[in-house]
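Multiple structures are listed underneath, in structure tokens.
Next come two complexes, and both contain subunit A; in the first it sits with subunit B, in the second with subunit C.
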Partner chain A sequence: MEMKEIREILKLLEKHDITDFTLQRGDHRIRVRRGGAVFEREVAVPVKTAPSPGMVPPPSPVEAPAAQPETLAVGEKQFVVTSPIVGTFYRAPSPESPPYVDVGQTVSKGTVLCIVEAMKIMNEIESEVNGKISAILVENAQPVEYGEPLFIIDLA
Partner chain B sequence: MSRLFSKILIANRGEIALRVIRACRELGIKTVALFSEADRDSLHARFADESICIGPPNSQQSYLNIPAGISAAEISDAEAIHPGYGFLAENPEFAEVCEASGITFIGPQSAHIKLMGNKIQARKLAVRAGVPIPGGLDGLDDPEEALHGAKKLGFPVIIKAAAGGGGRGIRVVHSEASFRTAFSMAQSEAGSSFGNPEVYVERFIESPRHVEIQILADHHGNIVHLGERECSIQRRYQKLIEESPSPALDEKLRRKMGEAAVALTREAGYVNAGTVEFLLDGDGNFFFMEMNTRIQVEHPVTEMVTGVDLVKEQIRISANMPLDIRQEDVVLRGHAIECRINAEDPEKFTPNPGTISFYYAPGGPGIRVDSAAFESYYIPPYYDSMVAKLIAHGRDREEALSRMQRALEEFVIEGVKTTLPLHLRILGKMKFRKGEYGTDFLDKMLS
Partner chain C sequence: MIIHRLGSISSTNDLLREMADNGAPEWTAVMAENQTAGRGRMGRKWHSPPGNLYLSVLLRPGMESGELSRMSLLMSLAVYHAISQKGVTLRLKWPNDILWKGRKLAGILLEGKTMGAEVIHVIAGIGINLTMPRETLPGDLASHATSLEEAGIVWSREELLTRLETAMRRYSPSIRGMDWERAMREWSLHADWTRDYVFMDGSRRVLGRPVELNREGHLILETDMGRIPVRSGDLVEI
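Moving on, here comes the complex of A and B:
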């Protein structure tokens, strides 16, 4: 990574007032921290807010694990499939059928990976890349929100 | 006995989403917030018991996305949806999908939203209810025929889109010469903006006041009105300052307008909270303009003078509960004023999104601030520019005005330009102080 790029990043972080930032490209990893706050956030993962006791949720140390954003480490040669809609995630077309894909399976562009059901409509989610399923991040029949990571694919 | 909901989804953002969350908390109802990717750190997403990201920043794909909203209600097991104002609040299709999905829409039935959404139909309803409307013509599509009618009404006239409302799709024509072109342009604008080219022509009322009546109607045939809101301080038909009671109404006129609003509501068979908007001329004649089928931005001024929590009432009504107030219980106590603080250039009115670097909201006796802003909050450019509603209540108009004045001076919002200085200028005007103003006040002040 060049100094010019790092300078660009620093400028952007300051502009948007980001306090903690990590970027990983292959073996290179850069982490920038501004001010006091510390938390790992390598890929923006939807934050599920835990029920908070008061109107202003202070970052109480007891509750911290629940309120922290989940961390998802993704390598350079990996691709994250996110949910394009809010709905319920299904790994198979019906409870009896086998799942569309499993970990380790090779997929190509257009391979159906799962279904996200919204308003009784089954939306098939297809792979946008060629590669191998490295991880399935959501349990069958779980609700998912827009942008929630569903699969990690190792790029071919 | 009916039961309140155990969980409500709020299909909105900003201060109104927060307002609904507050009402739900007080009623012991769990809340689900929807948010777009641009609102991940916003207060409504943080204060709700659960929150669900439903789409990218663009509101078409997030806050206006009906399937996403319904799907979010389904995965979170919400029994009802509160639409707030704006976005899907007056979309009959959304209310209809809620009804079909077995989710209670906290508002009127879809049929009533549709009825009031067509201003020509609403005018006809007013006539049936015996409510006065401005002289006018509808069912016209030929400019020649329309011109003939306009001459009879007498210029200036006002051309409005049937599917318009809220100040959109309005054109004032001062002379016969410009009428034909204006009429055709209004038709094509209505077609492209609202998907319905129908327009109607009304007699133009010179320097009127905009006075609206708040109503509540339950499923058991009870209807009450909660007095008026004076909303004449407007810029391009967008309200900036509202107050209750109106300096122009006496008890007799208030009762007359209130009864007209109730008659219209009854004639329609309308249920839930609603607002009947009237134009009031200098001689105390009032004319029906439109009915808004949602909670209004300016609802707090009514809450301050009546002591009725309108959002809680909406929820109770939707849960089939009867109103527990009768008309004789409604008393206007003191005076309330609201200033809408927008992130806008106070002179040019261009929106000014950005990060609030310092924020201090005023307090003290008689002050209420409804806002979702805080220090370091980033005002995204995708949505409307309102940052806060500042409401002052006093035992009379004089006290409410002095409280508003000092609260505006206390309010600190840095990092973005706001309309705070404009409000101070308006409050400094003698005509405003005396309550002698119409809808043309602000345009005159700024020109």
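Moving on, here comes the complex of A and C:
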């Protein structure tokens, strides 16, 4: 992960007042916790231990063994919305329209969250759960891969 | 197909989408004389004066979300077959434009809705230019758009509707025996592989020539940087 990306994440966390965030890519994991004005950053060294299923990151700064590649560690009461297709992520139906959802917004099962365009099919992604948008992980008009995390929803 | 025939309407896709959300069955369709807010992707306008065909069809294909993009090639094949007439050569442009002499004869706006791996519905909005007097076209449309009349294709609107339904059912993934690989081969046969395009995706601009489809139906473009797959974004003629 590049410093630029880390800075982006920090900015987003601060903006949306997120206190604890973990992102894992392959063997690398970054965890950011915010308390008061203090930022804490950790970058994991590659670990080859087998993952334990359903693992939740421990509250201590000690790094847990690496889980599967491309997974995003989230809390038990959170739900990650992933892209069902390869395509381009759009937060609004057209450049002039307001976004479907924003961080902090309450959503219910069936609420449209975004569009992923693939081969000119404008595909609306509906929420599978009731809750509140906790993070939006992709910038508007960026390409997304199959299974890529798009949103984190705090479950109601 | 149950077709609701209407006069002037804002957008056939918008109305059908409301009907879909209220539980309308597959093959419910909306047809309008003209659209006051006809649109393409991302809020672009689809010029919709009276005299052409504006039809939206509700599909509930029993496919997984990951396969949804196949609908683009399948529905363009369906429209291609519906409007084809002996003696007139039509070409497909990736992923779903139907061209005559390089100009657009018909456009398809596909709007899907998925929840997790499940496809809730797909709305296929089809606009076919039956007659488009050149002098009535706004702006640069005259150089991009054409009509069945201009191409010398003489289907009536009713004939077209029947042909569209037959063809859409033939290429619908919910029909047993629909063979994706065969459909892609067929699509490739009718495509134009002789033109260069600028591929635009976000801020990226790449010049290249289409060479083939990959297994997912993405377009492989031969460029200075080698072969790249195109899976979303726009292809603009140079």
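Following the convention adopted for this analysis, the second predicted complex is superposed on the first by the 85 of 156 C-alpha atoms of A that agree within 3 Å, B and C clash if a C-alpha of one lies under 4 Å from a C-alpha of the other, contacts with A are read in each partner's own complex, and residues count from 1 in each chain.
Going forward, a contact is a pair of C-beta atoms (placed from the backbone, for glycine too) under 8 Å apart; a residue touches a chain by one contact, two chains touch by 3 or more.
Given the structure is predicted, the values throughout are model-derived calculations rather than measurements.
By the document's definition of touching, of the two partners only subunit C reaches A:Gly110; subunit B does not. Of the two partner chains, subunit C is the only one that A:Ser97 touches; subunit B does not reach it. Touch counts on subunit A: comparing subunit C and subunit B, the chain ahead is C.
With both structures placed on the common chain, the touch criterion links A:Ala118 to subunit B and to subunit C. With both structures placed on the common chain, the touch criterion links A:Thr88 to subunit B and to subunit C.
When the two structures are aligned on the shared chain, A:Glu148 is found in touch with subunit B, with no touch to subunit C. Residues 85-88, 118-119, 121, 143, 146 of subunit A lie at the contact with subunit B in one complex and at the contact with subunit C in the other.
Only residues 41-43, 64-66, 68-69, 71-73, 95-96, 108-117, 120, 122, 201-202, 216-218, 231-233 of subunit C touch subunit A when the two sit together in their complex.
Residues of subunit A that touch subunit C in their complex: 84-88, 90, 93-97, 109-110, 112, 117-128, 141-143, 146. For subunit A in complex with subunit B, the residues that touch the partner chain are 17, 46-49, 51-52, 55, 57, 85-88, 118-119, 121, 143, 145-148.
Residue ranges on subunit B touching subunit A, taken from their complex, read 25, 37, 40, 45-56, 62, 67-68, 70-72, 74-76, 101, 355, 376.
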